[in-house]
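Beneath this line is the structure, given in structure tokens, with notes to follow.
Labels run A, B, C and D following the written order; every chain starts at residue 1.
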Amino acid sequence: MMYEIRDLRLSFPDLAHKPLLGAAPRVEVLKGISFDLPKGTVLGIVGGSGSGKSTLGRAMLRLLKPDAGSIRFDGTDITHMDEDALRGMRRRFQMIFQDPMSSLNPRRRVGGLIAGPMRLHRMDNVDARVKEALDMVGLPQSFAARYPHELSGGQRQRVGIARAIALRPDFILADEIVSGLDVSSQAQVLNFLGELVRDLGLTLAFISHDLSVIRRLCTRVLVLHQGEIVEEADTAQLFDAPRADYTRELLSAIPLPDPHQRWV
Amino acid sequence: MSAYLSIRNLTVRLKNGPVILRSVSLEVAAGQVHGLVGESGAGKSMIGKTLLGTLPRAMEITAGEIWLDGTELLSQSPADRRRRIGATAALIPQDPLTALNPSKRIGPQITRRLVDILGWTAADADARARELLDEVQIPQISRVMRSYPHELSGGMRQRILIASAFAAEPKLIIADEPTTALDVTVQKQILRLIRNMQHRHGTALLFVTHDLGVVSKICDTLSVLYAGKVVEEARMQRFFMRPIHPYSQALLAATPSYLDPEGSLMPVPANVIDAVEEEVRFHDIRAGTR
Amino acid sequence: MRDARAEVKRPIGLRLWLSGGWIALLALAAIFAPLIAPHDPLAQDLFLGRMPPFWMDGAEPGYWLGTDSLGRDVLSRIIHGAQIAMIVALVAGTITCVIGASLGLMAGYYRGWADRVISRLVDIWMAFPPVLFAILLIAVLGPGLMSIIIAIIVIDWTRFARVIRAEALTQGAMDYVASAQVAGRTRFSTMLAEILPNVLPTVVALLTLEMGIAVIVEAILSFVNLSISTDSPTWGGMIAEGRTSVHQAWWVLVFPLVALFLTVLSFSQLGEGLKDRFDPVLR
Amino acid sequence: MTALRNILIRLSTTAVTLFGVAVIVFVVIRVVPGNPIAMMLPPGATDDDIARLEALYGFDKSIFQQFLIWGAGVLQGDFGTSISLRQPVADLVLGRLPATLELSIVALVMAMLLGGALALMGTLYRDTTTEAAVDVTAGMALSIPDFLWGLVLILLFGVLWPIFSISGRVSPSLDFDFATNFYLFEALLRLRFDVVGHLLSHSFMPALALAIPLAAIIAQLLKQSLKETMHLDYVTLARTKGYSEQHVITREALPNAVLPTLTLIGVQFTFLIGGTVIIERLFSYEGLGNMAIDAVINRDLPLIQGIVILFALLFTVINLLVDMLYVVLNPRLRHA
């Protein structure tokens, strides 16, 4: 198992309703999430805004500390592991962020952005690996000398992917990585992400609000609604025979590019 | 069928810079929904902006005509144009979170303009606002009209904006990506609402979007834009069954559908892009803008 | 289109040349003051009191910008005054910047108790009128160059701390900081390697601004007669003197004022110009 | 609810700030090398005389004891007695406060009018050379501090074209009995506009010197937030409804764009008041700041303490008022 997650709970302080004295009340974002993620799975995590899908992702990478429950990564309990102990493991679980404009330091060149994490983990042949990573995401090697603001949205997102895969991680979390892209860039990114997963034997968790995208890429799907898992199923089963009411509602709300879909 | 809105050879460019719209022509018939589709940077929002007179100052209209209900707009003075647009057209904007003035209550935001610009009495405007809020299925109308925008959900605000757009019975409504910021379940309700309202009021609707799925649900006709140029204009049914232009075909092939998991999700191929770029270049040479 | 825009080298702004030029000129004047000043700045000659500048009737040859009431050469005093102005600008400006920016960076990035302590200190400091605080400090420390530098540091570190804290807060919320954590960077190294380069343009702009302010503070302290012993010529001292005799000899006030004005303006424009020029992120 | 809580929190932090200011001033002043008592007495005074006076002013006790005694007095409204002027500090300070307040308020009004006008002009004519001119003007005005503007104004309107008075708050020739120290407000209330004119001709230049940098800041920030607001959808929507450009800017954009500027004006207004110290000196204006510099030069410890505490109190009160005003003007906070 790559991940075993049991009864995960996470809340944020609600500063808007903080009393004068004492702690702010907490808003529960994750209300007891449990699931297993076997190695080699491409897991889709789907839900509307406020469903807690991004929070779940960040908790899996221990960018957030859960209130209760447990997270086991490849057999190791990382629920309460401190940052120093985590640091040694961090190479093994990586993340691709939603907004590459914010997640790529604007003052570093592409080459440095990809090489930086590898140097931190004392990997060898860093320059060769940077070139390899750029090749894998289909960017010319000359792009290593560019700054993020000199790239298009799709190219930036590929730099984010190259940075993650260059570390040869066991697991990658992709948080809404195509939602800001045009359909043509989106198709490109989805296609080669699919290839990478196959070629490298990656385990991937793919967070998205778009079920059409999830179906393209994922083998298994979690449907999140207001901090709870309402349905967990293999992809084909979820789309052919959705069990939860919310899944059915979600499916029926998707506008397909097809004038014959009964919809409005 | 007579065209209510007719744009002819509209060319817009950045002052001393690249061309944004290349001889765009399109027509919207009364009571019809026309979709403007394109990827980011294709110029689809610019058409609405030109029409409404809210084009950024760095841009200029270098050629073209806009006929609205039998009157040509671009030959009029900006003030006349503004008055004419204000009286006959309305906008449903993209982001419901920023489209209502945060420091004003909802009621006046709908009624003020009826009183100020169109000369209604306050009582008439108030009655009209209530009627429309009821039509867009807003509960507790009196309370909502006294609220500030931040007290309402995104879906509610978008309904209010729709009500506000229909308030003065405009003949033309421009909807600029009105559901992009919403969850799919809310999007469905809002699209349904816009379609129903448009149908009932017989309004011509220019619907700007990047989402071919949405287009297939709401539009009667559509134009596909690439780099400020209309590459295909079609009736909706025909477009989805037999897209003619290679770029349209590529765009459709790149749009994912959960019903078709095995079908090839094709990025727009490089040779299609090259061909369209060539068309654009050819157009510019012919028009003398390059 | 994007790529083309990045290729375009923006011309070094006119203001960068003008402001940089004036500062360079001043620095040279300060270094070589004894060589280029036409007269001894302290030499008094009561027979040559209040001589007007060279283009006016009654001007004394060799005294280009006239003399003050004690017959001292205004030009020579301005040139020598540049020494103190430059030392104060460089030393006080740099130290203030390092201290204030470090505290602000830590407060904004680490937040928590470090932020609470530093922000509270800033609050207390902001409750003092700065000029009064400076005068008070000089009264305590006694006049002298060292006292002025210390006073400027003590008073003005908050300017850096406040601005850089706010910047670090904004930058700290960006995803590239989370991505550094994902990559396994330590907190401290993230602050230095990721956040600092992004706040550096602001630091530079503030630094040169602070240099100008340091020159002004020195002038204000000289103006209320608390700066350096009245023997050494300072622009502030000259201005104080000129202020009292402005109706009889305006040039005693005008020339040091022009020098001060240009210097302060140049420092602030230099910072803005550098920020624009060397920021890879085109805004 | 939230608003009330914030104000309570602010009040408690204000108390902490004032306490901190008091401690710092107290400690800093007492390491002054010169003996203030010795300076008060005529040259031939004996050590006994000095000791007696030291006892009278309490300087023979430890700093901690002195602080306790002073603090106890302050809580009863007694700030001690000025050494150089031999009057109660509270009377002296409160007597001068109106002059400084009037100067600051006139300056604030000038800054808001000037800055607001520049910002509106820059927004109305945005993306033209007019806007560029506004930017350059504001940028230059901002980088020159009030002290230098004061000197420039003295040269311009005191020497070159002497139309304003360059020193004092009133001319000795003015024949008018003021009942309070708020000369300007009093003259306004008594409808003596000749006196108002006289007072303004004296406070015009110092006030303008204080106002120019603040006006530049207001112009920059307000224009910036106006421009940002002008891109928001509700402004676009207002335009498409047929309203004129002026209406869109002043009625739709301005009320929202003003909010961020407002908080800034709070902090900047305290800087402006801080600036009165040197500006009053420059224009020989009989206010608090001018008295403060004399107090420092004369080593008048009780007076320095009193003035600094009053300034600190003034600053914190202004910030508190601005915060409350912000809450009142921002509907999002009012109902939260």
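In this text, a contact is a pair of C-beta atoms (placed from the backbone, for glycine too) under 8 Å apart; a residue touches a chain by one contact, two chains touch by 3 or more.
This is a predicted model, so every value here is computed, not measured.
*Asks:* Quick check: more C-beta contact pairs in A-B or A-C?
*Replies:* A-B
*Asks:* Report the chain whose CA-based centre is farthest from the CA-based centre of subunit C.
*Replies:* The chain lying farthest from subunit C is B.
*Asks:* Please work out the Cα centroid separation of subunit A and subunit B, and write it as a whole number of Å.
*Replies:* About 33 Å separates the centre of subunit A from that of subunit B.
*Asks:* Please tell me the distance, in whole Å, between the geometric centres of subunit A and subunit D computed from their C-alpha atoms.
*Replies:* Whole-Å distance between the two chain centres: 53.
*Asks:* Distance-wise, how many Å sit between the C-alpha centres of subunit A and subunit C, to the nearest whole number?
*Replies:* 48
*Asks:* At which residue positions does subunit D touch at least two other chains?
*Replies:* none
*Asks:* Spell out, as numbers or ranges, the residues of subunit C touching 2 or more other chains.
*Replies:* In subunit C, nothing touches at least two other chains.
*Asks:* Multi-chain contacts in subunit A: which residues touch at least two other chains?
*Replies:* As it turns out, subunit A has no residue touching two or more other chains.
*Asks:* For the complex, which residues does subunit B have touching subunit D?
*Replies:* 52-54, 57-58, 79, 82-83, 85-87, 89-91, 93-95, 98-104, 113, 116-117, 148, 150-151, 161
*Asks:* Provide the residue numbers of subunit C that touch subunit A in the complex, in ascending order.
*Replies:* Where subunit C meets subunit A, its residues are 2-3, 6, 174-176, 178-187, 193-194, 197-198, 280-282.
*Asks:* Report the residues of subunit A in contact with subunit C in the complex, numbered from low to high.
*Replies:* 58, 61, 63, 83, 86-88, 90-91, 93-95, 97-99, 102-108, 116-117, 120-121, 146-147, 149-152, 163, 167
*Asks:* Under the touch definition given earlier, write down the residues of subunit B that touch subunit A in their complex.
*Replies:* Touching subunit A from subunit B are residues 39-40, 183-185, 187-188, 191-192, 195, 210-218, 236-237, 240-241, 250-252, 254-259, 261, 265-268.
*Asks:* Can you list the residues on subunit A that touch subunit B in the complex?
*Replies:* Touching subunit B: residues 48-49, 153, 182-188, 190-191, 209-216, 235-236, 239, 249-259, 261, 263-264 of subunit A.
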